[in-house]
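Chain naming follows the written order as A, B and C, and within any one chain the residues start at number 1.
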Amino acid sequence: MEFIREVLGIISQYYSYLLSGVGYTMLIALIGTAAGFLIGLLTGVIRTAPKSKNAVLCALHKIVNAIIAVYIEVFRGTPMMVQAMVIYWGYAFLNDGATLPLIPAGLFIVSINTGAYMAEIVRGGIISVDRGQLEGAYSVGMTHAQAMVKVVIPQVLQNILPSISNEFVINIKDTSVLNVIGVTELYYMAGVIKRINLQTFQVYTVICILYFILTFTVTRLLRLAEKKLAGSDNYTICGSGSDSQAEIHIREAQ
Amino acid sequence: MEEILRLEHLEKTFGTHQVLRDISFSVNKGDVISIIGSSGSGKSTMLRCVNLLEEPTGGKIIFEGKDIAGKELNLSQYRARVGMVFQQFNLFNNMNALENCVCPQLTVLHRKREEAEKIARDYLERVGMSAYCNARPAQLSGGQKQRVAIARTLSMNPDIILFDEPTSALDPEMVGEVLDVMKRLAGEGFTMLVVTHEMAFARDVSSRVIFMDGGVILEDAAPEEIFNNPKQARTREFLSRYLSR
Amino acid sequence: MRRIVSIVLAAAILCLALTACGSRQKTDLSKATTIADLKGAVIAGQAGTFHLDVIDQIEGVEKKSYPDFTDLLNALKSGAIDGYVAEEPTALEVCGKDDTLTYLPFVNNDTGFTATDAETGIAVAFQTGSSMVATVNDILATIPTETRQELMAQMVSLSADPDTQSSDAIVLQSSNTDTSNGVFRIAMECAYAPFNWTQTTDANGAVPISGKDNLYASGYDVRVAKYIAAELGMSLEVYSYEWDSLIAAVQSGAVDAIIAGMSPTAEREEQVDFTDCYYNSNLVVIIKK
């Protein structure tokens, strides 16, 4: 099997390049997802904050909300590859040829792109938390900020964890578009190896397998984490395909 | 008698719909006031206005002699002193029973954790829920949740407790356990404002009964007066429907 | 039972789909000797290059384009295309490595094709109005045509095994070792052998690619760039960009010059200023034997 021999040859000869590509891909995906989540959390909290009675604050809130809305629409409505090109070259043209360092540039692009998606996910998460939770917190004297931090956001986190995992897996794959600005993630490395040995199909087979290993492992790990976090009182398993005896188990737990 | 709370000409409109009109009454220390009336009469809205979950559109609320709209009272401190028990319990789903009672003490009253836990355990004991300290709201029955909610409110050592139809969301066999707790509180001298459909509670436990209809207070008198000798035709009609069941 | 049926159905649909794809009707070019014999074939060029435009001059062929030069060779080997347009040095390099390939020269006027020197030569590009053009022209003028041919021949042979140190010295060397005049930053694809390529060691004086760990650039462009930088008294930095980003890189000032096997076509002259050509070659069409 010539093909398998060539694939193994690529792995043994270029493993250091492939590993460094995997490293940058995971680094950018992980930090990008985390930063995007923080952006989403911040915008979500701002957008769901009650109107202030102070006229100035109220106006400011409206302006900030408008900016957030534009941000979300623009970054969700355009491809990340195009954003990468616009940001990278736009910066170079505006700053007289100073270019962004590649890895931080990649991190920045993935973060703000993920942030735009997370903003909607978090807002949905906050809205879906029962209004009574907020009222309960208000009624004992908590301020809106305290209610958010102590009561609402912990519940939002648990509810949107599957969405965050999903974004992370998407980001592992989507960092590949950063090759257009030359970020040395896994896909870029495949291009480099291909240009050296001209074995296009073999090289992309190797990174295809690598991407799959990454996403598959991450998905399993995150699912495990979700189960841990949900704890024993996970009532969502009711009627789920994953546990045919769900009802019995719930009864026993009680 | 020492006055705690007084409403003066309280008004509330939602859009063009006026829900409360000229609501005035006062609450003295130790009063247990039941507020009765048919659905849509504005009793829940009135209660929610008292702790500002709804903002009144007119009138005044005087708490311990101070207008709560004024600068002297901070909203957070005021709410901490006016407890509220909801129809839907509104326990914090992300915390166990004990934490539900401890967390507000820490964040709002800035009590030390040890002290807060001691107080919380004490009140959970008094509502008969000390065995369920580690249970999450999702693992509790409706009646148990409501008792934890009462313990949470009590842990804040409020000067007055508002009950917004505390038994309406409960299965009939659980109503008793919650009412028992409320009766005990009334006996211990807590000041309570109770919106309820439990006529027996209104008649036997409360020191005063307010009958509301169409957003106004039609009658405000001692329970014997209201139940045995109602002045208004509307009150009689309402009571006859309830008591004949 | 239902599961078996569905598997069988899925397999049947897959087979149908695969046979429907089938293989492309290939044009037999084994006896082709001139460009005119390419009639009916599928010929490709790199997107955004003169190579692609020149296909229009071949009668009766289907034109295809790929963004990456390396993909053209893969496309030819896989049978997706019958041939692709390249420069003669590339053809020498590619056909040297793979004896199933050959090439048809695309000689100006001789074979009925027209191209200006600007379209077949390659030059250094600077920002419009740059005073560097005249300076670099003076430096380029010191490289005789024979040296250019020799250097290219050397690069063609080096590119066969770039990571192994060769005993031959590079023919184009500057005697100037002073680098006190700063940094000369240039952009290239590092994917267009033998003009510029990527390798994994610094064998044979390859230059590290800026911002990419353990990757080095070498090739004809790199040698000329090294020579120009040395003559300018500057040190050299090589940046790797996609073909379509090269002009933007020099316009924005991210690099000082493009030295990337780029022909000074009229369209590009509107965007950047070119020096005189530092190599002139013929266009060819690389095909299977």
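For this structure, a couple of remarks:
As a convention for this text, contacts are C-beta pairs under 8 Å (C-beta built on N, C-alpha and C of every residue); 3 or more make two chains touch, one makes a residue touch a chain.
Fair warning: this is a prediction, and the values are worked out from it, not measured in the lab.
The central chain here, found by comparing per-chain C-alpha centres with the mean of all protein C-alpha atoms, is A. A centroid comparison over C-alpha atoms places C as the chain most distant from subunit B. Averaged Cα coordinates give subunit B a centre that lies 81 Å from the centre of subunit C. If you average the Cα atoms of subunit A and of subunit B, the two centres end up 44 Å apart.
Computed centre separation for the pair subunit A/subunit C is 38 angstrom, with centres defined by C-alpha atoms. In the complex of the two chains, the subunit C residues touching subunit A come out as 68, 70-71, 73-74, 78, 190-191, 197-200, 211-215, 240-242, 245, 248-249, 251-255. Residues 14, 16-17, 20, 85, 89, 92-93, 96-99, 101-102, 180-182, 184, 191-192, 194-196, 198, 200-201 of subunit A are the ones touching subunit C in the complex. Subunit B makes touch with subunit A in their complex at residues 51, 53, 76-81, 83-84, 86, 88-95, 103-104, 107-109, 136, 138-139, 149, 152-153, 156. Contact residues of subunit A toward subunit B in the complex are 130, 132-133, 135-143, 146, 150-151, 154-155, 158, 233, 235, 253-254.
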